[in-house]
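Since the structure comes first, as structure tokens, the remarks are kept for the end.
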Amino acid sequence: MARIGVFTCWCGENIARTVDVQHVAEALAAEPGVVCSLAFKYMCSEPGQSLLSRKIAEERLDGLVVASCSPHMHLRTFRKAAETAGLNPYLVEMANIREQCSWVHHDRKLATDKAIELVRMSVAKVRHNQPLNPIRVPIVRRALVIGGGVAGIQAALDIADAGYRVVLVEREPSIGGKMAGLSETFPTLDCSQCILTPRMVDVAQHPHITLHTYSEVESVEGYLGSFRVTVRKKARYVDIDRCTGCGECWTSCPSGKNASEFDFGLGRRKAIYVPFPQAVPARPVIDAKACLKLTRNRCGVCLKKCQAGAINFEDQDQMIEEEVGAIVVATGYELYDIKARDAGSSVSGYGEYGYGRYADVIDSLQFERLASASGPTGGKIERPSDGREPKTVVFVSCVGSRDRAKGIPYCSKICCMVNAKHTMLYRHKVHDGEAHVFYMDVRAGGKNYDEFVRRAIEQDGARYHRGRVSEILEQDGKLLVRGIDTLAAVPLTIAADMVVLANAMVPARGVQQLAQKLNVGYDEHGFLSESHPKLRPVETNAAGVFVCGACQGPKDIPESVAQASAAAGKVLVMFARDHLTREPEIACIDQRSCSGCFTCLQACPYQAISRQEITDRAGQVLRYAAQVNPGLCMGCGTCVAVCRSKSADLAGFSEQQVYGMVESLA
Amino acid sequence: MSGDAFEPKIVAYVCNWCTYLGADLAGTNRLEYPANVRIVRLPCTGRMDFNLIIKAFEIGADAVLVSGCHPGDCHYTAGNYHARRRWILFQELLTTLGIDLHRIHFTWISAAEGRKWQEVIQEITESTRELGPYMGYRHICEVQK
Amino acid sequence: MKIGYYPGCALHGSSNDYEQSVRACLQQLGIQLDELDEWICCGATAAHMLNARLATALPARNLALARQQGHEQLLAPCPMCSMQLLKANAELHDRRVRCEMSEIVELPLDASVQVLNLIEVLQQVSCEEIRHKIAVPLEGWQPACYYGCLLTRPPSIVRFDDPEHPQSMETLLRICGAEPVSWNSATRCCGAGMTVANEETVLELSHQILADAHAHGANCIVVACPMCHVNLDMKQGAIQRRDESLPAMPVYYLTDLVGRAIGLDDRQLGIDRHFVTVG
Amino acid sequence: MIAQLRTRCRRLLSDGDVQVVIGYEYCEATGAAHPTFLTDPAQADRLTWNGACHHNLVTYLKRPEIQALGRAAVIVKACDERSLVVLQRESQIDRQRVYVIGVTCAADHTRDKETCRACTTPSPRFADEVIGSPPASSAEAKGADGQDRYAQLDRFMERSTEERLTYWQSELQRCTKCYACRQACPLCYCQRCIVDKNQPICIDPATTTKGNFAWHITRAFHLAGRCVGCDACTNACPAGIDLRLLNQSLSRAAEVNFHFRAGEDLDSAPPIGTYSLQDQESFIR
Amino acid sequence: MGHHMDLLPHQLIRLVQLGQGARAIRADAIWQCVSCQTCTSRCPQTVDCAAVMDALRQMAVENGVAAPAQKRTWTFQQAFLQNVRRNGRLSELELIGVFKTRSFADDWSVPGLWKDSLLAPQLLRRGKLHLMSEKVRDRGVVRRIFQRCEETTAGQPSLESGGSHE
């Protein structure tokens, strides 16, 4: 027979005013199994808690109900109190007779009756409570950083500098991300590569960082503290350990007509290539689609030329297993693709701008390459079509951004600054050139940002027109940009030599699939969801997984770096503990009665359920049954609701407990 | 309220993270509502098994409320979506059985919607008062053969 | 294949050469046109300019007739008509509108009738079929395909091709051996219904279109709209009177060129009744 | 066709491909077709196949005593096959361990069963082999319009809510909790049925109307999105309770709301245990 | 058309948003608009500008403030509708006739009267001019449809809520 103690709290006047607490205490004393029932002025106060522990000892209580405020308020408090008194904390339940009774009812009788029923429910529940122990999860003090852009680099270095091992996975052949391709950065106009490449080298040389370039995360298993990650190292056809990066191979490669990804199609590269001179690792990769040897089994010059014997045409994708305790996602962004058509509709964005049809209509990242000293033109501004220097350039803001009609209602945040920067770069290089900007609003919030825009207008003479471009037409070698200046209320037509579109920032392709592997949520645009916009900005709802940079929302470099350090900080907080604990109120499955339909496996939001072989003594497989992974289960109980044989149950909210509560209302 | 007038018994199954906190907020803001509702706290509407609705009627509830997080807000990312699906089907079955759907209420109430909680409880209590005791199911429970 | 046919006022009026061309061409491609009995005017610009409900009711009446006469698909070669019909169709999805309208038009209504423009009907004939029907490939033809406004706009209503860079006519004509030019005015407006009321506008806009076609090396313009044809063909004389430098530019209906390719002659297609003629 | 069936099964047994054949046998006494279980090739001639073969033989695959015999060959009609698909989907049968012989329904199988008249698939689609060819007309003969599958339900739903409740009260009062419905159902395969769980007691085991309601609601809902409409439960019920109605209301709900029909194919996800952001929630405030 | 307009489309929309529809409906611009729908299909805020234009035109006529300078345009459209109302289908000859005489009554411009009339013989020669106009058999229903649509102005936007944001 249970020995339950019921403690009804006055909460000063808060409860006592409308609920006759004394009467409640008496009523409950009559409940079977209740061995002591008291009312006390402040249960949460020190004397209240010591009363609790004293009674636990005196009455040898094996169940406790505190009838006071909301469990969200004080359940922890009372469970701690019980624990110190030597009672398993999970044998404590509360009855919420304040927020859900005394504070919302005035009729003393009704309130008291309700209070009694509420406490009875809790008593009925606590009868079936089982002692539980918090789940201890060991930590693998090793972090995985996904994405080697500026954010990923920052996070990796911060964690590694703290003395922990880091695995950095980058999809492209080199780390550096978008920033490595930028010419100069706002608002200081310092050279992007000059500030980034040293950090890239740090990554390469850091003793604690394992770098997997040209690799992607294939699958993620496990949970907070111990994830098992499979990384696909894509076939590079070059052994980067043997390779010395001498360059013999790519200088001699005959296939040189391939569009360079790094130059966004403005430049050409060989079939075996290093994406850019400062690449890390500074080792080439073979483009299997372009290589004559791999496509038509001819050529193979690089193989002959390579002294180090690093070329390997038989190279295959390899899978690498990595054990990590925390994951930082920094997959960054790409530009909204005007030519992309969303399924079903024949409409592609902005056909009226002729991007893809007119060679001299380019996007802002392409312009960065034109302006970059390491770019295809060595930093000279030239028209892609004929290499002539454009004397009139029009920059168009909000291409995609803030365009509900194109399904991108958000502001991409960086374009206003990028445009201002571009007008400056252009005017600095082409002194007699005209730079026009069409904008809806100039959004330059940030340290020295608006000043920067003013400088573009006042010192560098950029011409800003408040209004949108309606269409771009090609006529005898010129691009007719037709738009409006709404401030002057005059339609404008500018005969331009080149047009630069500031396309919207969208999450890098494939991030949704990654998010699904990691169990991280994302919004309708594919940006990853932080678990609280204000207070948990780099955490996600998947324990142990953190986000930083543009994969979480449009951001510029300073913000991305700051957020990266924040994420690193959160990882270090985790690593500082000697072990992690998780709430034990999770699901379990009675495999004796489980019929193995695995509806639960399908329903579980955390992939916490797996198939397990049920074997006889001889090891013969008799059948399969579901099994809960306590590390992954978050205790939502969805499995319990879908289980037909009621083999699944949820500690803390077990069938017994819940039915007990309901039946107590009979 | 006079003692002899019919006062409905209402069982509310609510999720711990949205509706329960919403009800707490109603309390913190002293938003008064009828004392007829008895809250059963569950971690998530995903845990809400259809048998519990029947159980509530068996113990003589005149109305049942099931309430959880708004779509997209589920603390466990998807529990409420799973629940929504099951309710769609379960309602169909009850309709065929002739169970009065006016006795069953589904709502999404967030932790910030104390006011909505108050309104919902007021309305449900009112409408159930008008419907009177759920004799339909009480018969089922009484009639022996 | 048999298909419902809504000619609209223009094709039974001064643009009957268009109807002739459409009928001839489609017949050759094995498509029978079954004209909607008792069809009434769609209301055109006038209705949507002056009376919103009329702009729904008039087309709705026709849709109701089509339904009554058992047409699942309804061809409206005039983009103004097809747009008006499609717009009404879209509005009929709202039950309230449907009830109200069926009272107004005195016939039961639903949104079941599928309204097609001329190009969509031609697309129903597979490329293969057209290809092997081709008798006289259109070698040396460099048409500027002119879509005008209402074939592709408003996209939410007509849901046809890319509103800013349509290519469906080009695709068809390439099959017929022509080499369509790429130009700037494919979806510009010619002045449409302003022909009589506001000629100035029409002359100006149409002039730009003709000039642009020349500038991009087109040797003819292809349209799928009676109004566009009137403004570019019939009005071309008036335009030239203001700008002598503008050479004559023949304007054909899409079905004229496709028709020629599959072996019909100008008389059959009514091309001899156009204003601008060359050679 | 029957001859072909017999030779095939004799072969399967003699070759040792299977250890037991689950088929139909003509019963002199009742003049009806009954399930039969052949383990010896010599018995093959007892097999029969005609319009009277109502039973869904798939049901027997779940029986341990049958499983004990070894690999089984089972004779399925197109409708029974659906339950086979569900079982496979719910990893209840190892398809390799079963040999499926599909038999086609002839148009002359003029069966009174509503389900037959509304059936749109005259011949099995997933069987290892199909014996007999469907008459061209059969599809039409059976009225290809899937909707009238629910004609009976529609008629029932015309009654008022109260009428429906009283109907079920009087019907379910007759239930004796013999659980024939459960035994007959090819998809009721739980190791331990929920009614046999006593901590807590979710379903009152007593044969009171209360207990019967609880049971039949549970039984029906546990088949939500799974029931293939073989009517085995209804046919098996000694009290003659028309359980079909309950199953159908759920099947239709699944079709209308989630465009899902149980046993249609192996790939599409069942409604329970999955969800869509687009699910309707007009009923949720 | 923009450069001809006294108020540009975005200004018209703005006026409506500011509740100054009264100014918008007096503009010439709303009659210069050729309803090409380009604005609607390019508006990033998915405002159906063309529909707003239509609404403004209707209100202009109802309130009798339609821009005098553009009278030709709306008299033509009115004539068009009356013509349809009478015949069920458009009779071009009749329309031109009516329209000419009306606009002549307005501006007494003789050239305006004879303008295009040179086209007539050419049209005739090309069999494009029908002296006998085409009519539908049941003209009663057409008239009733018109009546019903005219009597009630329900669902028509008011000056204040002129804008139509989806």
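Lettered A, B, C, D and E in written order, each chain numbered from 1.
Simple rule for what comes next: a contact is a pair of C-beta atoms (placed from the backbone, for glycine too) under 8 Å apart; a residue touches a chain by one contact, two chains touch by 3 or more.
All values reported here derive from a predicted model rather than from experimental measurement.
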Length of the shortest touching-chain route, subunit D through to subunit E: 2
Chains touching both subunit C and subunit D: A
For subunit B paired with subunit D, centre-to-centre distance based on mean C-alpha positions, whole Å: 35
Centre-of-Cα separation between subunit D and subunit A, whole angstrom: 46
Separation of mean Cα positions, subunit C and subunit B [Å, integer]: 59
Subunit B and subunit E: spacing of chain centres that average the CA atoms, whole Å: 57
Residue list for subunit D, restricted to those that touch at least two other chains: 202, 272-274
Residues of subunit E touching at least two other chains: 38
Multi-partner residues of subunit B (each touching 2 or more other chains): 50, 55, 78, 82, 86
In contact (per the touch rule at the top): chain pairs: A-B, A-C, A-D, A-E, B-D, C-E
Subunit E partner contacts - residues on subunit C that touch it in the complex: 9-10, 12-17, 38-41, 43-55, 57-58, 61, 103-106, 149-150, 152-156, 163-164, 187-189, 191-194, 196-199, 201, 205, 234, 273-275
Contacting residues of subunit E [partner subunit C, same complex]: 1, 4, 32, 34-38, 40-41, 48, 50, 54-55, 57-58, 61, 70, 72-78, 80-81, 84, 88-92, 95-96, 99, 115-116, 119, 122-123, 126-130, 134, 136-138, 141-142, 144-146, 148-150, 152, 155-156
Complex contact set, residues of subunit A against subunit B: 70-73, 96, 98-101, 103-107, 110-111, 113-114, 117-118, 121, 519, 521, 541, 585, 603, 605-606, 634-638, 640-642, 650, 652-653, 658-659, 661-663, 665-666
Residue ranges of subunit D touching subunit A (in the complex, touch as defined): 90-92, 189-194, 197, 199-202, 222, 269-270, 272-274
Of all residues in subunit C, those that touch subunit A in their complex: 155, 159-165, 182, 184, 215
